[in-house]
Amino acid sequence: MSSLLILFLLIPLAGIALASRLRRGKHFFLLSLAMVLLDDLCLLVGVLKLPTSLPMKTADGWLYLDALSGWHLLVMLLVYTAGSVFALDYFHNDLAGGRLNRATARRYNQLWLGSLWTMTLTLLANNIGLMWVGMEATTLVTAFLISIYATPAAIEAMWKYLIICSVGIAFAFIGVLLVTASLQADASGVHQLFFTELIKATGYNHMLLKAAFLFSLVGFGTKAGLAPTHTWLPDAHSQAPGPVSAMFSGFMLNAALYCIMRHAALVNHALASDQFTSRLFVLFGLLSITIPAAFILYQRDLKRLLAYSSIEHLGIITLGLGLGPAGCFASLLHTLNHSMAKSLSFFAAGRLGQIHGTHKIQQIRGALHSTPLWGVALAGGLFALIGTAPFSIFISEYFMVKAAIGRGATVALIIFLLGISVIFVALLKQMIPMLWGEGNIERQESSSWSGIMVVVALLTLLLFFGIYLPLPMHNFLNRAAALAGGLQ
Amino acid sequence: MSFIALILSLALAPLLLSIINRSKAVIAGRRGAPLLQPYFNLTRLLQKGVVYSDVSSGLVQLSPVVNLAVLCCCVVLVPLGPIPAILHFSGDFILLAYLMGMGRFITMLGALDTGSSFEGMGASREAFFAALAEPAFFLTMAGLARITGAQSLNDILQTINSEHWLHATPSLLLIAVAFFLVFLAENARIPIDDPTTHLELTMIHEVMILDHSGPDLAMIEYGVALKIWLLAAIFAALFVPPGTNVLWLPLFLLLMVAIGMLVAMVESSMARLRLIRVPQLLISAGVFAGLALFLEFVQ
Amino acid sequence: MLTLMSLLLFMLVLTNLTLLGSSRLAFCIRTVAVQGVVLGLVPLFGLQPFTLQHGLLSLCAIILKGGIFPWLLLRGLRVARVKREVEPFIGFNVSLSIGFFTLIGSVIFASRLPLTGNNNTLIIALAIFTMLTGLLLLVSRRKALSMVLGYLVLENGIYCLGTAVADHIPMVVEFGVLLDVWVAVFGMGIAMYQINREFDHTDVDRLTELRG
């Protein structure tokens, strides 16, 4: 069973190698899709065997999958599958029109699979150093996905992303070093810095461990787009092609947050209390919820709007991590919901941008009428994002409120509700003319199969989880939340 | 013995200046002026009359005299290698620094008194750079005092030995570099200032004495020579063996000649820095010296 | 005592201060290379018992930081025809002074760290100092290339901290980190090339197309 973990790492690599043999532009995208589907298949096999097989370890304990990383793996594959399917639609015109030549298409897909590989490595790594290596590698691989169309703005965004995130992640490595330093007093039982060993170890120097967590939070937090180090995020998200923006927002940010969760679990376990991490999580969470609100209100670019909304939602997830086990549960559920809704929105924004030739909100009018499919997708995505009722984000935000009340965090709750109310109004104000306004382009009838499939599937899932949360999933999430809390 | 050293210093000071000039000439491939040229210059100047500007007050006349007087006082405070200084007490290097400061101050006043805009400009630059060089000088002295445990300039320079160099190599190297930079700055040498320049706009020290003539100028030129001699003596003392054995004196004088040649080499190998970069060099000197002092405190 | 170690640490401080005070890009690149070599040598002397793996790691670090990076960056400097001055936002004098006080601050800070049984305080202090120097270079310089240098100095500081505090880091991870840094510098080099091609300059403060 555990050889599955190795398969997860091998499949993208095989895809990268195969890509060099292909000749036609479209085949590269089909190859990416095939590889991601193969990954999905592995996951499916894993899920079917689930009750017995988790946690599992392989390669001398270097690779490790438990409920927490399993959950993120699930979200990741969902985002990548949707992104790979959508890429067929998104790049179709550019391929036909010659704007995307063969070499660029190959590079795009190799980088796409490369980013999948690095993120898989981040999730599966049992060693905190290796996890860091994986996270840093995601920055390097994805940077060139932003500038696949080498426009000046895209290059500027790529440069800012590369520098800010590299420096941020470098800080996270100081956190890793400090974890090992805090161990030095009593290093028995820790040989390879495996999480499985670290969490059992005793005799940490508490002060150093706390410092380590601060560095990890700031470092990985930069990559996760937490305010106030979020500045690279709107640039990168707005300049990347549609599927890449969706992957950034839908999973890369969460991968960084996952690294923080791992460190937090370690700290909580060593301190036997989650007081320390909770306070920081709540602080950073609330900052990330309130700061984007102003930017959303006055935003003129659709993709930047969505990017700021990502900061807000990552803030919500972070806030949840600071609200005890119930909060962790809500956070993890929110991760899935946000990833789906945000992917959908970015897909729609990407295609609408292509059709209108711009991402300016002012120029996109009456999308529901002129481009029904992407209008519906945008409407669905945005309504889900602001947390309206039948969609699943409503449920996870409801759990969040419950957790806050249960924890007695009244001030945090009030700020949280205020923040999301402002964003609710702001997004509504921005989206209504986009969806129902006076259309300014011809009605477009044709939509490709891949586009329809993605939109329908994501909308269905968003609605489904909004209405019903299956019991096995509930239990699995509870296990993951317990691991994120780290207190058992 | 000390008085012999005093006379030696007063007599040989212009020679060091001439060694620098001669070495520069040799490096540049010229034959250069004879070694005794500074003495000829001084006698020539002493025989000339003096011209004072109508607008100036007595300060112009006063400044060369005071300047030379304070520099002669300084000679008393500095040991000549193995020969101890005539006067030494705790913290006497502070007196040394301020005596030199006073000389500079009076020169600046004299320059301002002439009413020439060029000389005012030179005075302002001199004041600025001196303000940056002075902390560096004090920091080097403080570092040396910390390393040797001595408190007067004389004791510091006479106790410093190979043992110190072994134990505190980095600090002493830093101090040496910092002191050399201060040495160049205080004596208005390249790369801080060019003593041979003919363009008033770029001058610092030379521009301040443009309006002096005759015996006044001789006093100033002699003061310049004395200052180089004194600071070179301090610098050289960092490298000679300790103690008061007079037999080391020839070695010490040779070292001073070597320092003169070093200055000549520096001057021949680089151009004067842009004025805007000069503060950077002096601050670097200060940072080097501070670093040395700091290293000594850490250990 | 005059040991090789103290000399290396001294070199580390000097390279940092040189970087803060010098204006020539090419000279800065070479200084960073020297710093890389110095740091590659640090773990070999006196910190840990010498093993073949440590030797190999040091060798890789030295080749990478002392050879490949400067070669890449100097090449970038030539190809992109960057103007050869650093052009800082914060002047050299102020940078140098800040650097000096940062050094003192780092030493005081490191001496108060609760690292019981660890006698590498000076190395930790200098590691912190190097990291802060890197950050200062990152925020105070205008050219893209000097930002890459700032990043490298920051990395150097972290590497130095790693040698001082963490002897548990497995080799695989160490090599992974080196690989990442390599790719990062490579990527930044390509990015710089693209910036130069699209904008005809590499002044980071003039990249202002995206805002709000």
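Lettered A, B and C in written order, each chain numbered from 1.
Going forward, a contact is a pair of C-beta atoms (placed from the backbone, for glycine too) under 8 Å apart; a residue touches a chain by one contact, two chains touch by 3 or more.
Everything numeric in this text was worked out from a predicted model, so none of it was measured.
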item	value
Any chain in contact with chain B as well as chain C	none
Innermost chain by mean C-alpha position	C
Intercentroid distance (Cα basis), chain C paired with chain B, Å	38
Rounded Å distance, chain A centre to chain B centre (Cα mean)	67
Chain A and chain C: spacing of chain centres that average the CA atoms, whole Å	31
Chain A: positions in contact with at least two other chains	none
Contact footprint of chain B on chain C as seen in their complex	1-2, 6-7, 10, 13, 17, 21, 92-93, 96-97, 99-100, 103-104, 107, 122
Footprint of chain A on chain C - complex, ascending	113-118, 131, 135, 138, 144, 147, 151, 154-155, 158, 161-162, 165-170, 172-174, 176-177, 179-180, 183-184, 187-188, 190-192, 194-195, 198-199, 204, 207, 209-210, 212
Residues of chain B touching chain C in the complex	166-167, 169-170, 279-280, 283-284, 287, 290-291, 294-295, 298
In the complex, chain A residues that touch chain C	62, 127, 129-130, 132-133, 136-137, 139-140, 143-144, 147, 150-153, 155-160, 162-163, 166-167, 170, 173-174, 177-178, 180-181, 183-185, 187, 190-193, 205, 207-208, 234-235, 238-239, 295, 298-301, 304
